[in-house]
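Order of writing sets the chain letters: A, B and C. Residues in each chain are counted from 1.
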Amino acid sequence: MKSDEIEKIDTPMFGNKWILRWEASRELKEKMMIEAGLRTPRVVKSKEDINGLCIVKLHGAAGGRGYYLVWDKASFEDGAKQLIDQKVIKSHNDLYIQEFIRGVPVYLQYFYSAITGDLELLGIDRRYESDIDGIGRIPAKQQLGAGVEPSYNIIGNIPLVLRESLLDEVYKMGESFVRAAERLVPPGMVGPFCLEGVYDREGKFTTFEFSARIVAGTNLYLDGSPYSGLVYDVPMSMGRRIAREVKTANKKGKLGKVLT
Amino acid sequence: MKSDEIEKIDTPMFGNKWILRWEASRELKEKMMIEAGLRTPRVVKSKEDINGLCIVKLHGAAGGRGYYLVWDKASFEDGAKQLIDQKVIKSHNDLYIQEFIRGVPVYLQYFYSAITGDLELLGIDRRYESDIDGIGRIPAKQQLGAGVEPSYNIIGNIPLVLRESLLDEVYKMGESFVRAAERLVPPGMVGPFCLEGVYDREGKFTTFEFSARIVAGTNLYLDGSPYSGLVYDVPMSMGRRIAREVKTANKKGKLGKVLT
Amino acid sequence: MKSDEIEKIDTPMFGNKWILRWEASRELKEKMMIEAGLRTPRVVKSKEDINGLCIVKLHGAAGGRGYYLVWDKASFEDGAKQLIDQKVIKSHNDLYIQEFIRGVPVYLQYFYSAITGDLELLGIDRRYESDIDGIGRIPAKQQLGAGVEPSYNIIGNIPLVLRESLLDEVYKMGESFVRAAERLVPPGMVGPFCLEGVYDREGKFTTFEFSARIVAGTNLYLDGSPYSGLVYDVPMSMGRRIAREVKTANKKGKLGKVLT
């Protein structure tokens, strides 16, 4: 379903339906992350400027397919040629280049209550992607012998917890995102969202995507997560949290705050 | 314990003891997977036919030891020579070659109730193998400098959940396996079993093994899994599920359906 | 806080505060692991003796930063020069060299009750480190093209369970550690501790560190782990286990056994 189709739905829905357009568009997405003051990968304007490891993505790509890694102009052009030959893209214009952040991927699952103004961290995971998360099981010698072109198709999610000293920044990033959404897309972020990025070797988080809605990683925590357990006495899945928010809003006569 | 020793046990046991022979034999195992219509790795008949990344396995190997990766005839012969020198095998005849499926390993834990005819997905995991799951932590330069020969010894299991859109096929594969077992090894699949394979970059699952019994990955879920929680209101481990099946069978006078 | 500052604290604290000095000092740590009969990585006395993959560490390094892998004298000196240039170390004397154990990292979380004399395994995890656990997602070609210097900064923890046949040795190692601590640092190991190491391709565990206190990996199991569930009928986090021990000690008039 396209953004304007979602926006035309008359039935009130939980969450902010206007923000989904910001998730779907590369430009709006970057505008939101910059407004929130999040560290984002440097955009490389031209293949001439590639200096060090970069990732090449398709505009509007679904599920990470077609991404590839380059380290100079020649490796960029090799990859683009293959995608053109495979008719995945028409020209270089369908591609954009980002600095590749070296580190470990982490997905932060939040819930923001527009009723209480509280931000809750309900779970953390990492994605499990094919075949990129399998190539580490092929030794370098065999990778070079047989050739490897990684792909980033999402297959599942693996649970994790973060080093405690990182949690302060996790909450700050979530709060900044909520404030930015309030300014850019009223009524702002309502309910579940996810910041998706990489922790580098300095323990700094670079956000490369956000999801302004419930994400698949929450399926790990149908029975609650190590984080939800710090906030709630009952097993709190993201689905249950949403249901509870709707109930609370209804009871307090504030449904208008959580529906769009 | 060998298959014919198990089959000679007089005491009735839960599950289908006749199916364990199909798990132990390479040929019977492949026959079962083909009967179930599962996608399996292409068998490479001869070292002359190696074209692209392949995995070489020992007939009847335990725990993944001795497996190695090749991409041409020369790399096959190098590996075989080492195993012969180490007296792990006697000749090339102890080896068979399979297409290497690039992707991420996933283990699907099912329970089939011969009483109700219901198939239940009770958990999903990935194995943690030494030293193959450690070589990704050695940079390519050091791998090439110091040399790497991967091994696949099972050390443990890591929990995961699958992308939701993949679950439909997960159930279909499980159902097909149950139907194939009914045809080939009456009374068919009774209780826990596991399909073991790899999701490739297209999100397609290739099965390379099955276990027609309880598997170690279920140890992750002694307190229930994100999947068992969708079926049961109580924490449902695989052990508890088996115990419950025996009780139900006994109550309904259908013990004959779950014992062999 | 330094070891002698901790030792000067007058307020009684749970655990053995004298053992923290043994964790902080490289020499004392090795003495303890040898006393416990644990398999440890061979120390390589001199860069002249490097033969095969080795890891170079900083004395007293925090969180795994600055570690690097070498396979000969030249690669050792390259890495040392970089750390000197970056002013991380002053000379080769700040470095020590260990045999690199090929395998998969595993962290074993124990609780020893000085009241009952029981050793409990309460959880198992693996660390998630940046950027070493991300480099496997960079294909060998790109690693060699762009260059890779791994770092070992701890970002989080991932849950796992072990192959059952390994658990016997897990308990034996824990018991040996408890006995060694009793002999070397009275009153011995009190409460939570962690053995940190690698399972190699033979399924043998090599310990490279211990923590004589609660560790971050226990954050995975605020609601209990697959192992704690075998010992306790209630969700048993490490924090709850400590609280329960203090209560029990108080009730039995044995607080002196768990406080220092």
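Criterion: a residue touches a chain if its C-beta (ideal position, glycine included) is under 8 Å from a C-beta of that chain, and two chains touch if they have at least 3 such contacts.
Note that the coordinates shown come from a computational prediction; the quantities given were computed from them, not determined experimentally.
Asks: Which chains, if any, touch chain B and chain C both?
Replies: Common neighbours, chain B/chain C: A.
Asks: For chain A versus chain B, which are copies of one sequence, does the interface use mostly the same residue numbers on each side, meaning over half shared, or is it different?
Replies: Result for this pair: different.
Asks: Note the rotational component of the Cα superposition from chain A to chain C, reported as an angle of 0 to 180 degrees in steps of 5.
Replies: Between chain A and chain C, the superposition angle is 120 degrees.
Asks: Between chain A and chain B, what is the separation of their C-alpha centroids in Å?
Replies: Each chain reduced to its C-alpha mean, chain A and chain B end up 32 Å apart.
Asks: Of all the residues in chain A, which ones touch at least 2 other chains?
Replies: In chain A, the residues touching two or more other chains are 133, 135-137, 140, 143, 158-159.
Asks: Taking the touch rule as given, give the residues of chain A at its contact with chain B in the complex, in rising order.
Replies: Contacts found on chain A: 65, 128-131, 133-143, 145-146, 151, 153-159, 216, 219-223.
Asks: Provide the residue numbers of chain B that touch chain A in the complex, in ascending order.
Replies: 52-53, 69-72, 75, 102-106, 124, 126, 132-133, 135-137, 140, 143-144, 148-150, 158-164, 166, 198-203, 224, 226, 229-230
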